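The following block contains the structure, expressed as structure tokens.
Letters A, B and C mark the chains as written, and numbering starts fresh at 1 in each.
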């Protein structure tokens, strides 16, 4: 009997976690209990920044993380977070298919294997005030947590500010930040109606999480177990994307139900964002070199 | 030897202190910029929008360096705490072998930690791992501070082991015994 | 090996290693290592490195050395003498007199700091020497500090509430507001205890300060201005939107340096001694946190907390029995794990039980914060005890004894909270749902 520990960054109630717990149960059932995966949610075993390294070094055999957290290692990891490049589930799926071979190659260089990858709901703008035109964004304090969110702020004329996830509520309440971009999931999970009022469904990008496994640990499994893991992973990926779409609808409704003003962005804003998207796609392509070009070519065909 | 060791502890303590000063300066810059921007906004002027990039991440790295680089000096100063009730109870004659045992066990534990944090840093270097935020910091740098700090701690424990074997009591003993409210130097 | 046997074995190892005089941080690490080797196939050395690294680089933790530094700077000024001389004529008639400074100081400081150890360390550095000089009972002085420091967690901002809110998807804003009334009640009961103790033990109180006419009292009160300005400055930087709760600690350092300069106590020697003293003290705490982090991760791998929580779940208790069982469970766990670890390791199993029993999760958050406060002052793993041992040289077990009355008061507040849930829920309801 083999026991695996699988650390994840998000809490038990999150749909990614639920999906992974189901994956673990599927594996257990398919192997007749010979492979048991314990999911450790909410960074309780390993902190998010260290999960990739922990899997790579074999400290844990498998783990989940946000793909774009690895952006500073290679731009390949952040193609899902290039703003307005792929802003629907269909487009995000297509982009994932285009990225997958190169993503697997990159992970393979570190002895890692991709099991499955599931998108978050599309990213929208949460704000304390009405934002009707691109001009309204000027001077708004916008939460930047990575290079690309900082760049979005710059291009839209906003003021980037750095706010840690744990500090978001206080920062909005005391006025250190005025707007942020995240998914309706994260928005409802952090009960944004307690401190802000508007949501703009900009569908800027659909970031993905991935579940990775240490290749050496995987190779130690029997053929039947390997097969069970692969099949459960395939099912988890399909199920996860469906859960994500349902999550988008449910959580957006929940925002509205709790008094957040949910609106589609104005045409002016859409146009402005499209331009920002084009600029940032070009910048990303330049940074990502040949692999980047290959991904974009595959995506656009 | 004695002088070289003492210089090592003092140097690493100063480095640790400077890391704390660096945190204060970086955060101070950020808070200062916010104050300035708020003043500019009130006056209807253009804001600077200045941020200290990756402040939280770099602050965390500096904290780790500050905490670990100070380990050896803190041991020598008797700042690290332990339960000495039993040691005080058994009397001076039996205390010495117990002290030697505790120091031996501690040296092993600290050496073990040194080895594996060094391995962590080395791996990060091999795989060229970077931090996540706006500034891509090579993780080997802050991780090395852990390994170096623990190495100095191991040296300090061995130093005390030697002191205790030769003189019968660790050199931090007087500091440990003397710490009382308002009485420290 | 089942969870209970393994847990008992590890507790024996912990007491053995601690008993020989091994440093606490290393002792925790040794227990973690033993647990990993006995029960887990994961590589212990790598788990050590990953967990220590993860714990050592916490941004929120940077507030701790900054507040400790602030305490060291202020300790080298006239601030605490001034504060005590200013307060003494006013507190003369109040049973317990200046001992209340610890509780009130911690309560006010808790509005600035999200951590219990930082509150304890900062206020302790300022008040303990002065209380001792004035002849107050040391046991009560240390006990009030240990207990009062825990208010750092209940009065917003609070690190543990942020961790709980993220783990259970509850509103952090609501949790913060919900902590205010229970925080004030705890502070009030602490003060009532101090007053009652003073009335019952007049022989152990120092001589009463001479009485003063009102004009002189007002003049003495003038000496409180610096400390009031300092506190307003730090709180103001948070609520004015200039600093996060973490960053506010640096505002405290800056203001303390300015104050020290203005009082003429800032020179190179005092700056150096303050900085290096703070470096050593925060190193001591961070080192124990690192050892505790390895222990926490090892516990996660062994599955002990999860198994114990599942065991409680399997008992099919009524809501009241469940609450009682959980309180006992967290009290025992609290002796061996730090508060944040307790929350992250058990929420996965405990929360479904709590929800099924019909408890409000905001209410439960406040309940768990108070139980975690109790854990801060029970040996052998309790960070307020470490801070105070570092400061006074008394052993953590002895300090735990001094803190026992305050532990019991917290237990009473837990009971009050269970009987009157609105103590926690009324304020967030009125503040957030009226508008």
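Just so it is clear, contacts are C-beta pairs under 8 Å (C-beta built on N, C-alpha and C of every residue); 3 or more make two chains touch, one makes a residue touch a chain.
Composition by chain, UniProt nomenclature: B = TRAP transporter small permease protein; C = TRAP transporter large permease protein.
Everything numeric in this text was worked out from a predicted model, so none of it was measured.
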Field: Chain nearest the overall Cα centroid
entry: C
Result of counting contacting C-beta pairs for B-C and A-B, higher pair: B-C
- line: The distance between the C-alpha centres of chain A and chain B, rounded to whole Å, is 35
Query: CA centre of chain B versus CA centre of chain C: separation in Å?
result: 22
Sites on chain C at which at least two other chains make contact: 46, 50, 53, 59, 241-242
- prompt: What parts of chain A, by residue number, touch at least two of the other chains?
  reply: 49, 53, 57, 164, 176
Message: Two-or-more-chain contact residues of chain B, please, as numbers and ranges.
response: 34, 56, 120
Message: For the complex, give me every residue of chain A touching chain B.
response: 49, 53, 56-57, 69, 71-73, 110, 139, 144-147, 150, 159-162, 164, 176
- prompt: Along chain B, where are the residues that touch chain A in the complex?
  reply: 34, 37, 47, 49, 51-56, 120, 123-124, 127-134, 136
Message: Could you list, by residue number, the parts of chain C that touch chain A in their complex?
response: 41-43, 46-47, 50-51, 53-54, 59-60, 157, 162-163, 166-174, 176, 238-242, 244-246, 297, 300-301, 303, 344-345, 347-348, 351, 432
Query: Of all residues in chain B, which touch chain C in the complex?
result: 13-14, 16-17, 20-21, 23-24, 27-28, 30-31, 34-35, 38, 56-57, 59-64, 66-68, 70-71, 73-75, 77, 79-87, 98-99, 101-102, 105-106, 109-110, 112-113, 115-117, 119-120, 142-143, 146, 176-182
Chain A residues within the chain C interface of the complex: 3, 5, 11-14, 38, 40-47, 49-50, 53-54, 57-60, 163-167, 169-171, 173-176, 189-191, 194-195
